[in-house]
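What follows are several structures.
One chain, chain A, links the two complexes that follow: it is found with chain B in the first and with chain C in the second.
For the complex of A and B:
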């Protein structure tokens, strides 16, 4: 243990004045950057709390706050005053580049080069003060306070910190979706009720405080009683436990069934897109997460599924049918599996980067093929295929997003079931062994060629089904829908959610597909946010936001090795022994 | 008839002629050591025997059956297991999952559990850490895991590639003691080592490999006393 403690000390960079300046200026550069590219101005159009706080202001204080938090964590063990002072200086340092920006904007015509450095931006940065001097002072104070708060977070006991973060996150989350809540609440509870808590679609201050307090209180309560309640559940007899679990599943089931009708058309459509990406994420996870085969051409399977469906269900001149959608699904699935199989054959001997590049090429081949003149007489080329028949049961036609929701739900549940089963199966083990070391896997008696083919083929199947539903949902198929970004989206979902983790993929799909749909006015910054998110996740949480049980254990074991804190040590050990893989800490 | 008979095999990496006619035999119940310097072809010989590499000339007979064209994953079922160089454990899987993968080709649940107990008996450290992720084990524990995993297929012939590599001297002693123990339970062992001294101590016979050819072969005792071996591989003037 003593040896490890020593290792740890030399391992960890000392946090000194230089590091402080570096982090402070870094936060400043980030804040200035988001200002210069116009993000702050655009985000300021969205209010979080009526008349008090805009999303732009949140974006402005986030870099110093976050940076102060991470810096303070590195200073763990120092005195509280020192940590708070460091936080304050990070906030003040952040302001420096911003002040430079304000002076530049007021005295030169920099707008010729940077369109977004507008008087309006200066107005936001100086909090609408007439005097620039007062405004800059205000900016200094606000950012310093924010970073003191960030640094102060590390001084709080973990449970209070968690409760605070949950409170703020819930308030922000609900604020971002407030317009939708307003629409739903107005339908159910009437206009007067809504006006009591919202002002033209934005939360009133006491609403925000209320939401914060509820989330804060609930988190505290859960930390206080949650372990007890779980303990009590474990004390129940087996049949009673089963009963509790089944009733939980029943309630979730009912919620899932009535969800589209509670949420309305627009949100159902958002859910549908999320669902399709969950389906594809779970599919790609077989290749990437389990078998370690980095596939950058997943869009191929999606496109095959969609075009097979289009050709078989359209009433236009390209149609071979039309035949019922329910028959088309298995055909699309088989077609995608066949494609996956055929495309896997030439890359069986490739590993790692080479495989990734080759599969990237496959994605492009499909994109070129569906656009080509060569196939235009069969699948419409750039014009795509129109007039797909809606799926139907008897006289009922699936036409609205609320209807398609159920098809997607069934597909997702089926894929979830398959994924969970595969994860714990012999085949799953085979894939994981292949991922870890191909040669050794072969030496253990695993047929690596067959195993790879199986991974590619099964992975493709989910993409095919997603494509089929996607085509039916739109009623048309256009080649533009099948570009590289589909592959990138699916892969990002897996990486951000947590490689190989099923709940992680669901979370990732909601975050990367659902959230952007709800924040459409910020569409132009979508890829930037994606990139930033990927980098932050890779740096701070390389195992993903909701990692699989093994990945989590692995990182905790690693922590066990490097940590010299007895407390952490015992926590890890107790965690390693508890067989409860489905819960996130 | 010998359990393993390697007859004049030639192996290539691309155009590089790595093995230039290697022949060796391993009798049932023996420990045979294959020693040699860096790049002598020790690992290549093992990789060829266990099917990861196919020889362009010569043949490999295991229990009277020609192995030269059989892919690696079929050899486990025939009774050959490998402890790869650098341990080759599945770093992100648990200790238990690693061991279970060792028994991948077997279907007899009871037998597997029995062998699992045997491995845990042989390496109590692994039993303590069965739910831990293998990548976080220490080097010695990883070597134990690799050996335990190989034992899980109930091999008749165990191929070991540099089991002492990168281990502390006290652990090297432990590993070699265990090799002897494994051998006593009836498993034949072909051992590739740079630590010639240790390898010849546990072995009954040895081969010295040099630039892809067998340079010397004799009983382990004779090799230990051979002037050239003492000079080149044991560092004794």
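For the complex of A and C:
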């Protein structure tokens, strides 16, 4: 902590005119980048407040606003006027690259190369003004105001600032999900009620103001009374606390059970996808989060589960069955475990980065194989396998997303239980020891080979089950579903959520899989955002969004050690850990 | 007797499994090759022309592989996003190449036009590589090994989708250069001119790099830093400058490789084009001994040839249909096999000693 404070102080001393120009131009480059890759134009199709504000505009003002806020924080202690002036100049500087962009777009046919520098983009940047000059002036004013607001935030007392941020964030969040609210509200309260507050699925301006005021007021109130209320909960007697906790669990259980019927088919499908990724995330977490084995070929297990299910339950010519789905699940699980085991054997001696690339190779080999003509007579090649039988209990057939939800829920809960138990078990601690230092773990008497094999095999099991459910849910299996992106999605969930942290993975799956499905505009930029998040998380918050307590402590220690010992010593440490990536004893 | 028993105790069942695997693979290769060669389906000229196209493809892998190897030699990290560095140059230049083609510049002065294209691609890739180092890798120097690798994976996707945003998701095609589209015949073997040009262009670039590393002061600093960073710093070498320079050189070669690749295989220029060449180049680097400059060159050529003759020689002999579809699988299998059985690569002796 002391170290951090010291760093801030040196930064403060350096913050001068040059830094200001740097920050302003940086914000401008970010805004221009977002415009050139087409995000602003795409996001402008979604309105935040009917007729007033689009998501594209929010995206446009975000860089100068954020940059002004951060620079103003570094200037803390200066006079208010100076801070506001700095904010304004950042806004003005941001505009410079954007003006360049507008000039380029209007006077050259750069669009042949950069597809997104379109008249439409210019139209958005100049706020639909006919005269480019007026439009650019408007852009200057808007961005300057935004960055003055950003800088001004630092002048407010902390509680007001927090309330303001909460208010804006809740309004934006609800605005993004407004279609969802409209669907749910229309069913319950009728069309007229909805139309009063929403205009074709978009918030009206007074709705937005209302939501902002509610969130704003609530945050202020919570700051005032929140600590008292939390204190009261702690004063409860132990049995009473237990009662509260159990009733909480009961209520969430009931909510989980009725959720698909409350949300409808589309949202159930989204939930199902999230659930499958939670399942895979928890599985891969055993290898990556607990044992520290970076596996980039997780899709292998998913594919094996899906293809085993397909071959055993299809009625088409590739079928070996059909066998009831409930029997297939354990078979798929065992098949995936076997695959995990066999693929783990050759990589047991590899370390870290080599292991990652080798497993990536496995994933690609599987992809090439399922697509090839060689195996086409068995598993259909590029045409895939059609006509899988639906799972059934008696005469009831699982056919709709709402039905599959329950299968996925059961699988997720089972995997959650296994994960929690493993986390606190002897095996779990062995994995963590392995993750921290393999040589030391071996010296402590841990059989590293068996431990690693166990991690890979158990991790594969969850992938197999997810694959089996995925195949049954779609009713068909196509090789295109089993690509590198599955592995990357699962890995991103774990790393962004928090390595080794179970709640982190659930949160990660909702954020990375659920949110983009609800926001069509994000779909196209999904992997771009994942990539950026992976970098930012590793740079700023390596423990993830919702870290497990142990992991956070360990990382903190490691960081402190690094910063105190300096570069030379940390080099020595990392060499010691990584010497000889694939030692053959 | 006692000695033998002690030795057997040291061998675990995993080692036995790996030995078994090794024998099975060697047997498979031998049987496949024997079957194909005795079937008489291909003549010697086929093998020669396959090998030559393999060499041309391999020289492109070698150019990209040098980027992996240089960075690994100095930072001991795998720059997973290097395939995207290659893509950035190739994808940007395709538009300029088409413009040159429209104006007729490309076919009136082919040599000059291609040189200009290579310089542009090299500059684009170089900037991407340097930015990558500055933003994604430098702050994490000294962090545990997996951390920069994860950042690199993130950077890889970030770059792919940024370029998709810049230039769209469509496939682009390099124009054909008429001066390079002919063939000539040596003995019975017909060789496309473009393959020869590609091969020698790559060799020229690699010789330039070799000269740079072995003969210049900067090259000396690079070797010193890869030998021992701390001591190099004590000798007055600016480590950050050397690292940036290394990334820049790797990017430069990858960008030039992008244009050369466009001459050789004009089709399929799009935002994801860097992934497979990236992995194959990494395979080449490992094959030759990662960290070793001549190793990467050798590994690239070797992989190119294996990939070119492997499907016909081995897989067809084993009775596998559509063997050429499995070309990529061969490269990935090679990667895994090398990592298992000879992770130090062909020329990697020195490095494995250093790191032990």
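We adopt the following convention: the second predicted complex is superposed on the first by the 501 of 585 C-alpha atoms of A that agree within 3 Å, B and C clash if a C-alpha of one lies under 4 Å from a C-alpha of the other, contacts with A are read in each partner's own complex, and residues count from 1 in each chain.
We take it that contacts are C-beta pairs under 8 Å (C-beta built on N, C-alpha and C of every residue); 3 or more make two chains touch, one makes a residue touch a chain.
All figures in this text were calculated on a predicted structure; none of them were measured in a lab.
Novice: I'd like to know which partner A:132 touches here: chain B for first, chain C for second, both or neither.
Specialist: Neither: A:132 stays clear of chain B and chain C.
Novice: Looking at the overlay, what does A:448 touch: chain B (first), chain C (second), both, or neither?
Specialist: Touch status of A:448: first partner only.
Novice: Return first, second, both or neither, reflecting whether A:439 touches chain B, chain C, both chains, or no partner chain.
Specialist: Touch status of A:439: first partner only.
Novice: Is A:371 in contact with chain B, with chain C, with both, or with neither (first, second, both, neither)?
Specialist: In the superposition, A:371 touches chain C alone.
Novice: Looking at A:491, would you say it contacts chain B, chain C, both, or neither? Reply first, second, both or neither.
Specialist: In the superposition, A:491 contacts chain C only.
Novice: Return first, second, both or neither, reflecting whether A:511 touches chain B, chain C, both chains, or no partner chain.
Specialist: Neither partner.
Novice: For the three-chain arrangement built by superposition, which of chain B and chain C touches the greater number of chain A residues?
Specialist: The partner that reaches more residues of chain A in the superposed model: C.
Novice: Which chain A residues come up in both lists, the one for chain B and the one for chain C?
Specialist: Dual-contact residues (chain A): 558, 577.
Novice: Across the complex, what residues on chain C touch chain A?
Specialist: For chain C paired with chain A, touching residues are 10, 12, 14, 17-18, 21, 76-78, 95, 135-136, 139-151, 153-162, 164-168, 229-230, 275, 279, 282, 320-323, 325-326, 328-329, 332-333, 335-336, 339-340, 343, 352, 355-356.
Novice: Touching residues of chain A toward chain B in the complex: what are they?
Specialist: It is residues 426, 429-430, 432-433, 435-437, 439-448, 550-551, 553-554, 557-558, 560-561, 576-577 of chain A that touch chain B.
Novice: Quick one: in the complex, what on chain A touches chain C?
Specialist: My answer: residues 33, 36-39, 112-116, 292, 294, 296, 345-350, 352-354, 356-358, 360-362, 364-365, 368-369, 371-374, 449, 484, 488, 491, 495, 525, 527-528, 530-535, 538-539, 542, 558, 562, 567-568, 570-571, 573-575, 577-582, 584-585.
Novice: Enumerate the contact residues on chain B facing chain A in the complex.
Specialist: Per the touch definition, chain B meets chain A at residues 50-52, 71-77, 81-82, 84, 88-94, 97, 100-102, 104-105, 131-133, 135-136, 149, 153.
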